[in-house]
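Shared chain: chain A. Partners: chain B in the first complex, chain C in the second.
== the complex of A and B ==
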């Protein structure tokens, strides 16, 4: 809906879009509202984080007073997920689910890690802060190390911690590939701007 | 880009589950893919022509399926058939909308950023710092009313147990 406004200039749905986004923020201002904690995975939280980033990147109207800015909301998701980076299994990566009681806690899925990569890359691009770029690289390298993305850049769906993520779920969904493509494009843009700035000096 | 060539059937974008049954989430995947493709075209210009060509085909194919439902303009799931397949929902609307509006990617003013001095969204590098992962939800303090309610429930259970045992003994 943010893109609808961004592409068309039609503001008809901006108010309802704003309302939906703000409603989802939750008490901790991290897109993990209490009514969703039982089912919310890292990927679900990250989709809201990416939406907040889109709002920042397209200059969507800022949220009402008392609510953190779009950038701050995305940074909150990023900061929380960096703390969930788990090197005890598969040599790194995020698990699908955040809570041990949820089905999928043992699954390190591509989309959770892809969304994290996407957010890190776009935060680097928006803020110019290298720390985000470092995390993006770290996330991408880990995904490649587990063969979730193989040598031909085919993107699979994820691996289980029981076998150290060595066996990939071979399904190839479009959105897994897309989230990495966009993150990589953001990194390309981030680096080109660096090179351009160096050239100017 | 090259590895995603297998996502197209006769040039039209399709999701692997469309060979069988897609769940509600999966019905929206094409929306994210197209959103990410359009953003890629904007961020990495060398991909632009390839992407806009694919988006144009997707948009035309998607639009052809938007003939269903009561309104007569609800979109179908499969874009490869050229007709509405009767499988309609929010994911299908999102996907078709994203396909069509992505055609406008060249008309926009481009992304802003704090780094370029064009983006003004308020940030907080420490956001989310105080949130503990161990306690997803805080419990409200226990009140007298809660205790009274718990007492009544306990009493009812006790009566049930005693009554049940008594009826078996007698």
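== the complex of A and C ==
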């Protein structure tokens, strides 16, 4: 709905969009509201983080006083997820579920890592900070190393830690490819800006 | 809405009927107003699924069978997701 407003200029749904976003920020300002925490996956949280990031990128009206800005909210999600990057299994990557008790904790799925890559790449472009780009590259390289994106650029759904995350079930969802395409475009722009800036010096 | 020229050249006029659509949407990709009208119809249809702003309901939630993350995605990607679908549908015609 943010994109709808941004591209059409129609503000009909801005208020309801703002209300929904602000309501789901949660007590810790990280899009892990209490009513969702028990089943929370990194991908779930990241979808809300990406929405906040789009709000920042499009200059959507700022949240009410007392609520962190859209950029800070997206950075909060990103920072939290960097701490969940798990090199003890599969050589890295984010697990699907945050909590060990949840089904899916042993699954490192493409969408969680793709959303993380997406946010990192867009934060790099938005802030110009190389640290975000380094994380984007790290996430992409890891996804490729597990064959979640194979050498024909087919994007699969994820792998289990018992199989070292390399056994793909062959399912291809469009949202997996989508978040990577968007993040790759942001990285392209980020690198282009760097080259342009170097040329100016 | 910014559309790259290949799409505009590939299809200038198409009729769309997605799953659950009440009526076909006519879209002329060379006409800004037509694109906005089509987007408006889709946005309205999508938001009619949303009940989070009703009294007693929770903002940011979609009713079953939708997941919480889908509402998060809906708040930003409505046009993108449906827009891609429209373009692909158009190219397939």
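Criterion: the second predicted complex is superposed on the first by the 201 of 201 C-alpha atoms of A that agree within 3 Å, B and C clash if a C-alpha of one lies under 4 Å from a C-alpha of the other, contacts with A are read in each partner's own complex, and residues count from 1 in each chain.
Rule of thumb we're sticking to: contacts are C-beta pairs under 8 Å (C-beta built on N, C-alpha and C of every residue); 3 or more make two chains touch, one makes a residue touch a chain.
These numbers come from a predicted model, not from an experiment.
K.L.:
Contact-wise, after the overlay, does A:105 reach chain B, chain C, both or neither (first, second, both, neither)?
P.N.:
Touch status of A:105: no partner.
K.L.:
For A:19 in the superposed arrangement: first (chain B), second (chain C), both or neither?
P.N.:
So A:19 only meets chain C here.
K.L.:
On the A-aligned overlay, A:125 touches which partner chain: chain B = first, chain C = second, or both, or neither?
P.N.:
first
K.L.:
When the two structures are overlaid on chain A, which partner does A:4 contact: first (chain B), second (chain C), both, or neither?
P.N.:
both
K.L.:
Looking only at contacts as defined up top, I'd like to know whether chain B or chain C touches more of chain A.
P.N.:
Partner touching more chain A residues in the overlay: B.
K.L.:
For A:48, select first, second, both or neither according to whether it touches chain B, chain C, the two together, or no partner.
P.N.:
It touches chain C, and chain B stays clear.
K.L.:
Need the overlap of the two footprints on chain A, from chain B and from chain C, as residue ranges.
P.N.:
In chain A, positions 3-4, 7-8, 55 sit in both the chain B and chain C interfaces.
K.L.:
Touching chain A in the complex: which residues of chain C?
P.N.:
Residue list for chain C touching chain A: 1-2, 36, 39-40, 43, 47, 50, 52-53, 58-60, 67-80.
K.L.:
Which bits of chain A are touching chain C when the two form their complex?
P.N.:
Touch list, chain A to chain C: 1-4, 7-10, 12-13, 16-17, 19-24, 31, 33, 35-36, 41, 43-44, 47-48, 50-51, 54-55.
K.L.:
Quick check: in the complex, which residue numbers of chain B touch chain A?
P.N.:
It comes out as residues 1-4, 6-7, 13, 15-16, 26, 29-30, 32-40, 43-44, 47, 97-98, 101-102, 104-105, 107-108, 111-116, 118-129, 131, 133, 136-137.
K.L.:
If you look only at chain A, which of its residues touch chain B in the complex?
P.N.:
It is residues 3-4, 6-8, 28-30, 32, 34, 37, 55-59, 62, 68-73, 75-80, 83-84, 98-99, 125-129, 152-155, 171-175, 177-179, 181-182, 184-186, 188-189, 193 of chain A that touch chain B.
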